[in-house]
Every structure is written in structure tokens, then in C-alpha cells.
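Going in written order, the chains are labelled A, B and C, and every chain counts its residues from 1.
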Amino acid sequence: MTQVTSSMTPQAYLKSLSRWRAAEIVFWLATLLPFFLFPSYLSLASQIALAALFALSLDIILGYAGVVSLGHAAFFGVGAYAAGIFSKMVWGEPLTGLLFGATLAGLLGYASSFIIARFRHLTLIMITLGLGLLAHEVANRAHWLTGGSDGLQGIEIWPVFGLFKFDLYGTTAYGYSLALLFIFFLASRRLLNSPFGLALRGIRENWVRMPAIGAERQAHIRKAYTIAAFMAGVAGAALAQTTESVSLESIGFQRSADVLVMLVLGGAGRLYGGLVGATIFMVARDQFSGIAPQYWYFWIGVLLVTVVMVLPNGILGGLSKLTARWRKP
Amino acid sequence: MTAVALSTRGLSKSFGSLPVARDINLELPVGARYALIGPNGAGKTTLINLVTGMLAPNAGQIFLGSEDITALEPQERVKRGLARTFQINTLFPGLNPLEAVTLAVCERRGIADRFWQNIAVHNEAIEEAYEILSKLRLGDVAYQPTRELPYGRQRLLEIALALATKPRVLLLDEPAAGVPQEESGDIFEVVAGLSNDLTLLFIEHDMHVVFRFASHIIVLVGGAVFTAGSPAEIAADPGVREVYLGTRKHG
Amino acid sequence: MLPPVFGVLFDGIAYGMLLFVLSVGLSVTLGLMNFVNLAHCAFAMLGGYVTVTLVNELQWPFLATLPVSFLAAAAASVVLERLFYRRLYRASDLDQVLLTIGFAFISVAAAAYVFGTIQQPIQTPPFLRGSTGFLGLGLSNYRMFLVGIALVVTLLLVAGLEYTRFGAQVRAAVDNQRMARGLGIDVDRTFAVTFALGSGLAGLGGSLAIDIVGLDPSFAFTYLVYVLIIVSVGGLGSIVGSFAAACLIGISDVAGKYYAPELGAFLIYLVMVAVLMWKPAGLFGRR
């Protein structure tokens, strides 16, 4: 933490808030460790990176703007299906496929943002849930296009830049996913330290005051929602490409609930909350993969109750409270 | 005759069968210092909500200068120079005063949707925000989260946020509400020190303050303008004494 | 002779009545406290499993289990309310959503652990099986029974709210909580009692649902969606609204499955999104 002193000029103070900290650099260096330490877990590491990207996209609307969504998997799923279908119908070049999937998700996000931005509280929760279920139902019904409950099979992805072939060990997959995560992390970091990021926090902190300071809060929410949908689409598209398959589950309610759990576990409204939460969630799920899924959700349930009752700001919130207490005396 | 900054014509509003604003006609000249007084439930805050667009009137019109703003959204009115403060603190608890006021400045300058720039590059906006905070004696707490500020400071931040929109007309809803009497003078000193071009309308219960700072007083009773006039006229009006002053302990 | 469309209508109404019993409790508690309880259908599921256990293991008659399932769900809700919910009345929507989704997950896992993931069979008494002819339509006896129960519940609720002291307190608290507190009404206690009653009704609904839609651990989520749709379409805190919305959704769902099976679950989501776009507070909501 940079020391805040009253002698600091306001510009220097605001600049210090977005300065890179040592712990961050260590974190990103550590993301390279799986290449050397756990080469047999690179596929898992790739999925973790994409789950983290998905959680980061939810953080922008939920953690920062305070817009609760129970249907965020719709954009993840649209990105995944679009990228998968693109590779089958057009070509297998990964970056264009990624862009196609993410753009489609972003467009869908933009269209639905006109509905989302009008509502709050229970109605908003219901609308996002309803739109999410609707997306799932469309994917399920359009069997000819998506494969329905059988999933989308036969995706073939060409090497990235024509050089790096997606291999069985997941080396390319992890490199690809990690690069995407890092790029969009940098973008999110800039966004959240921007005037727009401040406006989003303003919406979260006080919905009523925003118009009284001349803010177009609905326009802000529409923009944030579109960006978040695009990012979720990137995560979904990359998952489809790296696993060369899309299942119906990637657009379902469970996926929306999972990403919510990851985010609040790590700490919503914190840049690294989704990343930390996704890592813990995915590693734990891999470790307990022996137990039946319904029991896995028992522990998720216990976890949710614990987080809400004991750790209202997630793991990172709890940690920063602890360090603050430790520094004081 | 001076130009009119804000006026209403036949403004009316009712909640169900309960009228809360009846045929209100106001005219605030540029640079005026008007006080809006009246017993509890007279519809003072409702009037501010109507003028700022937070409530839609059933009938009547609102003009800012010569422009009819009746149909505009609240934020559009703010952009045209009509700002307000709230009787109950309506701040951003998790932002610090510098962030909150900078946000308001960015909104006014139309740069609040720039998601690709670090806020620190907008030197002028930050500078302006800090100047407003300094003027309102909030410079020393600019980096503390709003929710940790003493109550009196939060009341000043209410005004700072409104000023950051560079209003031509400012409506203050009990700026010193809940502040101990000995401190409320400080808040009104700040209000009195605002630019003379700024047109002010404030709601206040303390008659000492009203008589000291207002150039003109409007008395609202039961959602209608009961009377209006200079402080001397209002003080001498036996009707006002009866409906308002008489029911309260003066001083 | 009536054309078959009336048969579909009847089935839709019966289904709607079931959904009404399941959802009315949530509507009232949401109207009271704005508490988003996504574990509501977990209480319904509890009621269902109580009935299944009593009928299949202890050979109780079906009808005798209904009051027990009501009481079991109500009792469970009181415990949760005391220990957890109470502390989150003034918390954010998100915290309430997370806590109660957590309980829903736990309930699903617990049900799968105890009863397995299979559909539970249920034995209803003979007079509720089969159907009765009416102007050429074969009306299911069980569905008629369902409609009857729902009407009794509605009458009891409306009468209870209109004519009892407690009902008056609930209405006052839904209307204007601050004023109700000012009048000395213990809103938190009113809420706790209403919450228990509402959850009990959900438990009853869970028992009644077995014969129509079956019972397995996914019930807590599958029907949560229906219940939430009804609550938001009907408007928070409105019994009449829930009743109307339950009929609308019940008929839409049954008619959709009958006449346009390829639409699947589309129809009810579309109905919901359309109603909420038109009236964000729901058909009978005021906020």
C-alpha cells in the first residue's frame, strides 16, 4: 500500500491508487509457474484462467456498478457456441473465431442492456434470470445448430498465429488463455481506474444521487453491460476453442451461479477478487471431482452461507481487513 | 427589473387524493437568496423534487431561465444548471470526497464515459474538484472515505457535490439539518459566501438563520404558497405568525 | 359438449392453483421485507419429502400428511429465520441472494443424500385418482381437489388479512413499513410469523405437487423459477396479484406444452419479460 499523506497533491494521490504494487507483479509471475511446476495440469490451468476472465467480466457490472446478474452465462455461452460454430462453418483460425464469438456476445449484451438498465432489485434479478434461462432454452431447442443436449462436437481449431498448435498437454491452451486473461485484465484495470470506472462505483454507491450530479446512469450501465458481455464472450469462445467442444452446460443457470460464487468468494468489487475466487473454486472442484456433483454443491452452499455471514467482502476483503488491523498498533 | 433564473407556473401534484403541491407560481430573480419556509408536511421537499424532476407534476410548468424544462429528465436539468442538495445525506459512502466531487466534475465536463483513460490524466478536473473541496473546508479530509467523515463535514460535501455541477440555480434542502445549532452557522457562512451570480433557494427551519441570510421568503402551507415577501414583511405578517411562527418556539 | 380447449384450460388453472399455493408465501414476505428468499422452494421440497416419507414408510393416509408437511416447513423456516435471515433484513440484494441460494444448494444435496436422485412415487387415496366426466371433458379428480384446496387457502388468506388484527398489521407493514413501526407494530415479529406461514404453505404446495409434477432433489430450483416468475409478474405483496399471475403462468405453460410443444419453456419466460417490460412492478404491484 502506498502511504497516503495529506501533503500529496490530489493528482498524485489519484495516480497512486492505480500504481502497480509488488504483490501484483508477483501474482502475474506466479501465473507462469504451471508451465514448469505442473505441466500435467495445464488444461486445468487454462480453464482456471478462462473462469477468472469470466468472473472478471461479472465483476465489472456486479462488483463495480452493483448490477446483480443471475444470467451472465448467457454471454459466456453465446461466445462459446458462436466461436464453435464459426470454426465449423467458416474456418478454424482462432483469433477471428474469438472475435466473432465475443462480438456476438457483446451485441447481445448491448441489446439486452436496454432492458437491464431500466430495472433494479428483485425485478432486475428476475429479468437477468429470465433472459439467461431463455438463452439456455434457445440453445437447447436449436439442436440443428448447437447439437442441443448432445453438445457441439467436431470443432477443429488451427494453430494460433499459424505457429502454436493446440496440443494434448494444454501448453498452447494455457498460453492462449493466460494471454487473453492478462490482456483483458489490463483493460479492466484501466477501465476501473478511469473516469468511467469512478462513475460505475458512483452508481453502486448511490443510485439516487447520480442523476442529481448530472449523470446518465442508464447510459453508463448499458456501456458497462456491453463491455462485460463482450468479455464473457471472449472467455466462452476461448473455452470452446481450447476444449474443442461446447456443452449445453456452458450457457446454463449453474454456470451463472458458479461464476457468482467465484466472484463473491474472492471478493466482488476488487480487481483480483474474481481471479482469486476462480482459482480456489476450480482447484477445489478438481480435487473433489471424485464426489458426485450434488455433494459438491452441498459444500458450495455451505461456502456461500459462510461467506455472507463471516466474510462479507470475500477472501480479499477479509485479508485487507486483517492486514489493516495488523498494521495499526 | 432583473432576469428570472427559475420560475414555475401552476405547478400541482397530488398523491392519490392528497394534494401536496397546489398551483405554485414562483419567480426567482438571478442572484436571489430565497428561503422556503413552512410547517412540517407543507410540501417543501416535494416542491424541490418537482422542480428538479425527481417527481413528475400533474399540472404546471417549470422554466429555467426562459427554457421550459418540465419534460426533462433530472440529469438533463442538472446539465442545464439546476442543482440540489438533499435533506437526508445522499452521498457516495464508499468514495472519498475527492473521488465523489471529481466524478461530478467529470460528468459535467462530459468525460465520465471515458473508460480508456486513467483518471489521473485529467488534471484540470481533479484540480477543479480539489478547489471546490478547499472552498468548503473539506481539503484536509479529501482522501478519507465519506462514510467515516463527521456528520457536519458530510453536510458540506452535499453542497460540494452540487457545486461541482456548476449550477446557475441551487436548491438547498435544509443544508444544516441535524447539525447542532452552534455549527449550523458555519454551514450558512459557506452558503452566504457563494458567488453572487448563483441563484439560491433554501429550506430552513431556524428563523434566525432565515432572517439573516434570505433576501426574500416564501411561506408554504398545505402545498400552496401562503404568502411571500421580504423578511421584514414576513416577520410582520400576523397570518404567518399564526400558521407558522406561532406554532414554533421562536429562538 | 365442450371442446377440448376447456380441458386444457382446466388443467392450466389447476396447475396455476398449485403454483399459487407454492408462491403466495414468498410474495407476501417479499412485499413485507423485500427479502429475496431463493430458498423458498427448498421449504416446498421439504414438505414434499415429509409427505412421501409418511405415506411410503409409515403408511399414513395422504391427506393426513398435509398438515404435517405444512408444520414441518414452517418449523424449519422459523429456525433459519432466527439464525440467519434475521441478520440480513437490511443487507444488500446480493447478500440475500447468495445466502438463500446457498441454502437451496444445501437442501438439494441433502435431499439427494437422504432420498437419492430418483423420482419419488406417491400413493393418493382412491377417490382422488381417475377422472370425472363433465360435459364431455374428463376432469382429473386430483386436479379438482387441487383447485378446491387453493380456493380454500385463498379465502383463508384474504379473510385473515382483511379481518384479523394480525392481518391488519401485515397490511400496514406492507403498505408503509416506517409508519407501521411508528404505530408500534413489531414489524420484525410480524415478518417472522408471516415468513413461517408462507413457508408452511410452500411445504403444503410441495406435498400437493408430487402427484402432478413429481418430486426429486432438483425441485428446489426447477420450481423456484416458476415461483419467482409468478411473484414478479403478480407484484410483490399482493395475494390477488399472485393468484392472477399463477393462473396466467399455469395456463400459458400447459397450453404451450399442449399446442406448441416446440416452444418449450419459451412461452412463460416471454410472458414474464413482456409483463415486466410493460409493468415493472408487476400486474398488481405498487412499487
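Just so we're on the same page, a contact is a pair of C-beta atoms (placed from the backbone, for glycine too) under 8 Å apart; a residue touches a chain by one contact, two chains touch by 3 or more.
Not measured: the values here are computed from a predicted model.
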| item | value |
| --- | --- |
| Innermost chain by mean C-alpha position | A |
| Label of the chain whose CA centroid is most distant from the centroid of subunit B | C |
| Chain centre separation in whole Å, for subunit C relative to subunit A (CA means) | 34 |
| Inter-centroid spacing, subunit C versus subunit B (mean Cα positions, whole Å) | 47 |
| Distance from the mean Cα position of subunit B to that of subunit A, given in whole angstrom | 41 |
| Subunit A: positions in contact with at least two other chains | none |
| Residue list for subunit C, restricted to those that touch at least two other chains | none |
| Touching two or more other chains - residue numbers and ranges from subunit B | none |
| Residues of subunit B that touch subunit A when the two form their complex | 52, 54, 73-75, 78-79, 83-84, 86, 90-95, 98-100, 102-104, 106-108, 111-120, 122-123, 125-127, 129-130, 140, 142-143, 161-162, 164-165 |
| Footprint of subunit B on subunit A - complex, ascending | 4, 6, 8, 10-11, 13-15, 18, 190-191, 193-199, 201-202, 204-206, 208-217, 219-220, 223, 227 |
| Complex interface listing, subunit A residues touching subunit C | 62, 68, 70, 115, 118-119, 121-123, 125-127, 129-131, 133-134, 137, 140-141, 253, 257, 260, 264, 268, 292, 294-295, 297-298, 300-305, 307-309, 312 |
| Residue ranges of subunit C in contact with subunit A within the complex | 30, 34, 36, 84, 87-88, 91, 93-95, 97-99, 101-110, 112-113, 117, 217, 221, 225, 228-229, 231-232, 236, 262, 264-266, 269-270, 272-273, 276-277, 280-281 |
